[in-house]
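Mind having a look at this structure? Questions to follow.
Letters A, B, C, D and E mark the chains in the order given here, with residues in each chain numbered from 1 onward.
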């Protein structure tokens, strides 16, 4: 029989691991037209649950509420495809489990030419607000300026959809999107991909309790071993950790 | 400040007694050393220039304004903080602007207080209200709203509404001065018949015809003080103070 | 380029996930208004009471809850209160936040409604020996309410849209669900247009309530003139 | 776990990036109110005009712009209008959206202000042979304005927070900048608390304007009584 | 409908002429076949029961209400859509509720129309206003707001404000009925002196003393029609119609 390793005291609500998810980011997490959760992170959670012998509940919420909710002990962690970074890893136990990079896309009916990231100098680029890509673009623009190029005009929108809307309306010249989102859009014929593979970074889950994080790490590792891990990433056209790299908590976690 | 306690023997005859009453608004003294006794069944008319304290006096009698000094008795009950509800029950008040409740029908206006305060059953309250509306001759308007009545009709409803609480003393504050001239008469007739039935009434009014015909005494006020208390013949025929002479010359064109 | 996809728009108009969101929006709004009216009434009464300290308390409440964003209030209730041992669910937190916020606005509306009832009405109630409660519920409030209806309409229209902020604490109403649905097909304008239609239907429903209310409470008031 | 970091909170209170956001919020609000007052005045005039078709147009405008979310209006202006060849920048779109939206609410406030001026005032202006313009600007409006101030206060408080929706089309005001700062240290509550303080300061500033305005326009009105 | 054109010879004497004037509100006929001529310098008093059309009549003269049928001339100018502004300039109107502009000082109230409509320079307008305020004896109140004045003072300001436009005909609609009794007299005195200076005046009032003393003719209206036009002695001494008799008995208590 299945014996749960996670003790009741380690959970916010005994009996279930509650992870927040912001389903506005296909194919990682989104809803279909019935409102049912779909995407890689959803299926990962479904796989993890039996392996830790504890049900996983996905709590759908908007991003700004998530970190306070974890800190306040309203939920056990976040499973919303958040990028790893230093600061976050000091506040939460971060578990990187996949790799994403960024792509520049342009409207398919416009003749905008972007051959490399440096071509973005002096143009208007749309990104999602408060996102890794926004931060990356800001830093990159500063770098361009330091090299004597024109700065990038960064326009940040609430969701990837809003970014796309602005792109299609001609309000920005190009958009910087997570590559999986970019691929989805390209498939739908709305945009052309111009540059890809920028700013590679690791998607992570995040937890408030170390025991929970460790249990999830173990579950992910066993998925890596039995091939479920690769199968899921392939299904959604996303990239897992490089072969041979085992899932682990990265960073010090909260003190 | 005098504090005369009414002697038990005569108190039974007094409906309203004021002893050295003062009322101040901030620095301003609206009533100054007012002494007044109204006997049961008596009708007194209060007149005087604007701002002389007529409304303030009458409002002190039912506690709408709290007097600052002196003593007020209504039917032997002293007006104190603890007694104010009791005293209110002894009095009924009719205002210049009628102050009917505009969102209720005439009948609802008249049954509200008996039902909610006296806990009278609706049927009984409605029968009483209809009887009183008949008495003031507006019974056929019972289902209408105040705004559908003429001013004179509204004021008569206000009188009926006050009577429904069976007050011992009726207070009137310029009950006819907001009325069209033609409507004044019907309200004065109603008040006259009330007086004739023995109701104790205190009436602020400039209707000198009414004062002459109906009142037992006329009180003339000026600057917060009672200047004259006279039988109407004496007051109109031969006012004592210069101020009263001037006043009478101005209001009788 | 074919920009607005009419078929998709019509599809969204009959999407049950969105319609469920309409239900949440309506429920939050109705609860917010009713709770806000009750609490706002209390605050308005404190604000016009005869005791200075009570006035100050009410003034402070209005200043604080009208002056800070609903979003912040929601996050604090959902994640700050548990630090004090008060742990409310997402829906309860959303309701509490909406009620506290709305009450501050409604208190001002109610107060100006009270002030518009002529003092003569209070004096008449007093002179008739009506109890405080009867005077308030039967005499003052029905008259004040008549004048409160139009600003109440403004406020309800605002609240209908403000409920969308509850998505930050995981309550999914119409707007949030619209934004989620967009990700599937990236049909921004079509989904927003459908959401706008739902909101317009709700607004129109309110208008249908407001008109008879105005009529009912104004039925005894003379037309025209002043 | 150390939940509220007071030092960080104080740091955010003097953060120039946030203060810059306050500037944007104030600018959007002021522009929205002024533009909304001008346009709302026009709409209110149409709504009370003597011609039915004009009343309908105004009624439709109010229904549409009060009934749909500002968010949707902003997105349509920013990404929908370019399809018709009208391409406005983010700031211009935000301003246009705020003005159009606010005008619908203010029109209702202005209209009820107009209706509260006794007809006698209009008749007196007529009898004195005052021109239509003079009657409106010198006689009606100053009296209507007095009664419009409190609901205007409610509306401005709402607008102050509603400007945050402009972030959907990439305008960076106070709320959006707060959320950007959160990404750095994830001190959500601390940043929100600082933002709330800024909003409270703005609200208080408005109170400081509102009070003398009420006093000025009420200076000739008798105190107390009715 | 008669359409009598006034004969040039006598038209010069007429300040106001109404010929077969009708006014309807929906189904209700407020004025019915009204014929009336007011000579220059004449003072006429209009009285009658409430709702009889007195206000409507006077409001038709300056175009506040548009008449439906018949002809109205003011100083020889026909009241038509095109002429309404011209006619308005010939008339001044004083209302029951004064209708002073509450947000302006007394002086501002009086200079607004001369400055904005007649384009009079401020200095001149103020001098004129002060002269008129002096005439009605409220010049020392010029810097105050209307709410700071007594009702009688406000009504005199309203008269001065109307006079500032130099009207040829003054219209009064119950100018004293909202006033405290003591204040009625001062307003009537002002009106009396205006009449004596030769101003043409049409006056709705129930002040029978004023009618008797000052008016040249009394017009009695009932149900939208003019029932009697008489010299005051004749009207008060011996009213012809039953309705007028009833009316007089009711307003003179």
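Convention: a residue touches a chain if its C-beta (ideal position, glycine included) is under 8 Å from a C-beta of that chain, and two chains touch if they have at least 3 such contacts.
These numbers were taken from a predicted model, which means no experiment stands behind them.
K.L.:
Can you list every chain that touches subunit A and also touches subunit B?
P.N.:
Looking at subunit B and subunit A together, the chains touching each of them are C.
K.L.:
Counting in whole Å, what is the centre-to-centre distance of subunit A and subunit D, each centre being its mean C-alpha position?
P.N.:
37
K.L.:
Please work out the Cα centroid separation of subunit C and subunit E, and write it as a whole number of Å.
P.N.:
Those two chain centres are 51 Å apart.
K.L.:
Provide the C-alpha centroid distance between subunit C and subunit D, rounded to the nearest whole angstrom.
P.N.:
Centres of subunit C and subunit D (C-alpha means) sit 18 Å apart.
K.L.:
Residues of subunit D that contact two or more other chains, please.
P.N.:
Expected reply: 3, 75, 79-80, 83, 118, 120, 188-189.
K.L.:
Can you list every residue of subunit B that touches 2 or more other chains, as numbers and ranges?
P.N.:
none
K.L.:
Which subunit A residues touch at least two other chains?
P.N.:
64, 68, 71-72, 158, 162, 165, 168
K.L.:
Quick one: which chain pairs are touching?
P.N.:
Final set of chain pairs in contact is A-C, A-D, B-C, B-E, C-D, D-E.
K.L.:
Can you list the subunit B residues touching subunit E in their complex?
P.N.:
Answer in residue numbers: 49-50, 150, 177, 180-185, 188, 206-207, 209-210, 247, 250-251, 253.
K.L.:
Touching subunit E in the complex: which residues of subunit D?
P.N.:
118, 120-121, 123-124, 126-131, 134, 138-139, 142-143, 146, 217, 219-222
K.L.:
Applying the document's contact rule, which stretches of subunit C touch subunit D when the two form their complex?
P.N.:
It comes out as residues 3-4, 63-64, 66-72, 75-76, 79-80, 83, 105, 108-109, 112, 118-120, 150-151, 153-155, 157-158, 161, 164, 175, 188-189, 192-193, 195-196, 199-200, 202-204, 207, 225-226.
K.L.:
What part of subunit B is in contact with subunit C in the complex they form?
P.N.:
For subunit B paired with subunit C, touching residues are 62, 64, 85, 88-89, 91-93, 95, 97, 99-104, 112-113, 116-117, 145-147, 161-162, 165.
K.L.:
Inside the complex, what are the residues of subunit A that reach subunit C?
P.N.:
Interface residues on the subunit A side: 20, 23-26, 30-35, 59-62, 64-65, 68-69, 71-74, 109, 158-162, 164-165, 168, 185, 188, 190.
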